[in-house]
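Following this line, the structures themselves.
Each of the two complexes below includes chain A, the first together with chain B, the second together with chain C.
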Partner chain A sequence: MALDQKTVARVAMLARIKVTEADLPGLATELSGILGWIEQLQAVDTSDVEPMTSVADLTLPMREDVVTVAAQRDAILANGPEANESFFTVPKVVE
Partner chain B sequence: MTDILDLSLAAARRALADRSLSAVELVGAYAKRVEATRGLNAFITETLDHAVEAAKTADQELASGDAKPLTGVPIGIKDLFCTKGVQTTAGSAILKGFIPPYESTVTERLAAAGAISLGKLNLDEFAMGSSNITSHYGPVKSPWTRAGDDRPLVPGGSSGGSAAAVAARAVLAATGTDTGGSIRQPAAFTGIAGIKPTYGRCSRWGIVAFASSLDQAGAMARDVQDCAILLQAMAGHDPKDSTSAPLPVPDWSAALTGDIRGLKVGVPKEYRVDGTNPEILALWDQGLAWARDAGAEIVEVSLPHTQYALATYYIVAPAEASSNLARYDGVRFGQRVPGKTLDEMYENTRGAGFGAEVRRRILIGTYTLSAGYYDAYYLKAQKVRALIARDFREAFQQVDVLLTPTAPTAAFALGEKMDDPIAMYLNDVFTVPASLAGLPAMSIPAGLSSDQLPLGLHLIGRPFDEATVLRCAHVLERAAGFTARPQGY
Partner chain C sequence: MTQLIEGRTGSWEVVIGLEVHAQVISNAKLFSGAPTAFGAEPNEQVSLVDAAMPGMLPVINRVCVEQAVKTGLGLEAEINLVSVFDRKNYFYADLPAGYQISQYQQPIVGKGRLLIDLPDGSQREIGITRLHLEQDAGKSMHDQHPVLSYIDLNRAGIALMEIVSEPDLRSSEEAAAYLKKLRSILRYLGTCDGNMEEGSMRCDANVSVRRPGDPFGTRCEIKNVNSIRYVAQAIDYEARRQIEVIETGGTIDQETRLFDAGRGITRTMRSKEHAHDYRYFPDPDLLPLVLDPAMVARIKAEMPELPDQRRQRYVQEFGLSAYDAGVLVGEKETAVYYETVARGRDPKVAANWVTTDLFGLLNKTGRTIADPPITAEQLGGLLDLIADGTISGKIAKDVFLILAEEGGDARSIVEARGLKQVTDTGAIDAAIDAVLAANADKVAEYRSGKDKLFGFFVGQVMKATGGKANPAALNELLKTRLQG
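For the complex of A and B:
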């Protein structure tokens, strides 16, 4: 399946990655090449096969719904690029 | 006494225990070696001062009889494991300056066992690569060069810093992680041993996630015994990782009996693909002969869906990566590039923060998971993955372990294979199937190519049967008697 530049731009928007106009043609070629290569899976008969979601053959464990770590607001905020007082900050989203 | 750096982890541990060597001497020798090999770019962050201080405490513990299994042993940590108070980058610009407020379970266990970290080792960005050239912190150079050709070679990837540091004797052993071959392929390229245990053996908690259904931590060291010792300290159930296996960890050092008489060693016929390098095939045959000479029985088996493993992997892994890497949004950690709106801030941050290979994989993953394509790509790949796992289950009804080459070639030079992403992906042809099935697998150094570069043999075992993989690897390692060292290192 060949991807055109418009599709690549749309996928980049979905992934929230800024891609310059200049990068689009090269990316379209690369991604089309990879998708063409993985297309070979269509040749495998999987009609009676259950999809495999995990190799771990176990039921997800339950645990007590209790707090296991002490409050550490300052430690968590320390890595925020523009943390302010006790909050992470983002550009204004509501006018 | 021989040079301190010549001692294996096992031998260094004995010397520490009988006090013929102090931890201060041992760690000091390695700290000097780290400085002397900086040209390899194996480390992103060194913690040598802290290591030298820790060695003093280790000596007190050794003197008072309070030593733990790895007390005083200097190791390196792949920079994908979160380490409290020490920068953790995952090889990416987007995490530059990230100081985790917590410690990964694996590194916490290693510290509890007494191991001393010399620092954080370079890797392909977010562990995506087979050459270590995708790291934002620059490529790692292998300590090896081809005979008569001094062009720098790649150490393999993604655990390339770990591999180069072990091979250059800048650490006694190192942690790695393996999603499609990222421990085994660099181990083969640099002439060291490396084991990826069964999915679920080592906790993934605190390891920067790439593809959660495949990621698994493992050990890289000079030989099989050292790998067994390091892995012993890393593995075990952890309630903080819901896919961690609630199983006891056997004594892997005790599994190295040197006896594989009667063991059934499988040879997957589909791995003998057309165009495989004749040197690789010859080494494989040699490995089978060593196993036979040691009393094992060689059995040909069929893994019919092998040819689809790489394509399956390159759908599953990017899809999981695109989801996992959604967290790098410039809000809670890492770098932020401002924008007028929230979406623009996200796009600017992620556009600047991710390198070309990571961007490529996120875009592929986003596309294959998007509405209208999910069934054709992701669901299809999950079904083929089920068939690949079934192939292995059936083969393991006939045999105890599988023997294959680790990589289709020896190490390549920086700059080779760089233009075509698919040519790079083919490096993982022998390692990816075991990853998809979650099986334990190990590479050991077994011979040299015609241009004097290391080549590896690869063993794959049943789920949670690392013991048989290690036992067989140990016998083959002895038979191979690999003693070559990188020139100049």
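For the complex of A and C:
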């Protein structure tokens, strides 16, 4: 499957990655190459093979329903680019 | 029971499917050990997992999984022993990871069903498409600052069950009945508190219109509706809007719309134009969720009685009408109250008192069944006094109001105020004597054939005894005496 430049621009927009007009043709070629390789893999008949979700034979570990985290607002807010005493603050996003 | 909407060019049928987001009742969040309690100070219930710090890994909460299974069983649905968590990718300030952990192609619960209760007492089956587990997002506040939005991540990561119905609903009334029934089931199960005002249960409505018998029309999704009444309003508005568009030669665009409760309208939500491309893929941080069949069996064995089973029991064992039974089982607290009153007493009498006198009093006082002005034990004590003939049904209504105002128990009130029914024929006779003596003219009229005066004498004697005369005894004695 070959990706055109328009699709690449759309994927970049959805991923919030800034791509210049000049970079689009190269990216389209690279991504098309990757998809072509996946297509090649998909030609293999796997109808009688269980999907492999892990290389090790593991099952999903579970936690008990217990609160283990104490309030740590300052420590949490310190990680954001902007915050006031209670909230993360971001440029206004409103409908 | 299809309800059609009349347009200018003929009849239209509205087709509705609902997506309900129900917050799971649990101590900790779906993938972290942060607490879930409502009403904490902002950002005080946030773990590094919830804030999506690099390197933090999600570990699933066992109870949240069990709650989803329990809810699935309550909806008579298939439980999928293997399900998969996916990342739903979108950018928003209250979604710190840039993706929501959700379930896409392999949800934990598959097809089920729910019976909605219609006003005539009958029921209709509505299909459940699926139920899946996912993380809630944080909360954004836009009205606190002129150029900034404030973000609170307390809600981020709390477990949600997204419950999707089939497009089986055909009117706003049915949609409201669906939400009421679903909320009732969730509350009976104890898997979600169903509180729409606090946002622990939220609803999106997919609405389309078509000519009866035609294929489905293009649908619009209405978001942001936070009460059952608003859901009904939004659907009615949206159906009318779509009919108007089509009848004036336009077409419906599939889009997301916001309900504006203040104006009672829906409007286009522009920011969602590109949002439907979520690029789901299996979350590499989480292995497939594999359920132990023994765990599912244990939950099944521990299932509480659900509203429909309870309703059926009230009809069969207590002889209540389907309507009364439906009213009593809708809220679990009401059913518990009723059963306390009815235990060891006449269940029909108990049902009458609860659905008329108690509900009337709750309405008048603005109280709820969880905080009633009269406890079930107090009401039961009152009914005992009627049953054993201590007071008449009429006096009981007065005692009921005294109990509501002053508390205490019915027997002491009746004794302290001398409200006991007079069955002593001597006392009633004395009252009759006095009344007949004071109304000699009317006695003569009665005896000359004016039978209608009997009611007048009953009233007078009753008044003379302060309403306490046993009505049957009074009638009997009075009749004999008037015959002279």
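Everything that follows uses one rule, which is that the second predicted complex is superposed on the first by the 83 of 95 C-alpha atoms of A that agree within 3 Å, B and C clash if a C-alpha of one lies under 4 Å from a C-alpha of the other, contacts with A are read in each partner's own complex, and residues count from 1 in each chain.
The rule is short, and it goes like this: a contact is a pair of C-beta atoms (placed from the backbone, for glycine too) under 8 Å apart; a residue touches a chain by one contact, two chains touch by 3 or more.
Just so you know, these numbers come straight off a predicted model, no measurement behind them.
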Partner contacting more residues of chain A (chain B vs chain C): B
Touched partner set for A:Leu3, first chain B, second chain C, both or neither: first
First, second, both or neither for A:Phe87, with chain B first and chain C second: second
Partner chain(s) touched by A:Pro61 [first = chain B, second = chain C, both, neither]: both
First, second, both or neither for A:Arg16, with chain B first and chain C second: both
Partner chain(s) touched by A:Thr53 [first = chain B, second = chain C, both, neither]: both
Partner chain(s) touched by A:Ala71 [first = chain B, second = chain C, both, neither]: second
Contacts of A:Ala28 with chain B and chain C, given as first, second, both or neither: neither
Partner chain in contact with A:Val44 - chain B first, chain C second, else both or neither: first
On chain A, positions contacted by chain B and by chain C: 13-16, 53-54, 58, 60-61, 63, 72, 76, 79, 82, 88-91, 93
Contacting residues of chain A [partner chain C, same complex]: 13-16, 53-54, 58-69, 71-73, 76-77, 79, 82, 84, 86-95
Touch list for chain A against partner chain B, complex: 3, 7-8, 11-19, 27, 30-31, 33-35, 37-38, 40-42, 44, 46, 49-56, 58, 60-61, 63, 72, 75-76, 78-82, 88-91, 93
Contacting residues of chain B [partner chain A, same complex]: 98-101, 199-200, 213, 239, 242-243, 245-246, 305, 308, 311-312, 314-315, 322, 329-336, 338-348, 350-352, 354, 359-360, 362-364, 366-367, 370, 376-377, 379-387, 389, 421-422, 436-438, 463
Residue ranges of chain C touching chain A (in the complex, touch as defined): 26-28, 32-35, 40-48, 51, 53, 59-65, 89, 91-93, 140-142, 144-153, 258, 269-271, 274, 277, 279, 282, 286-290
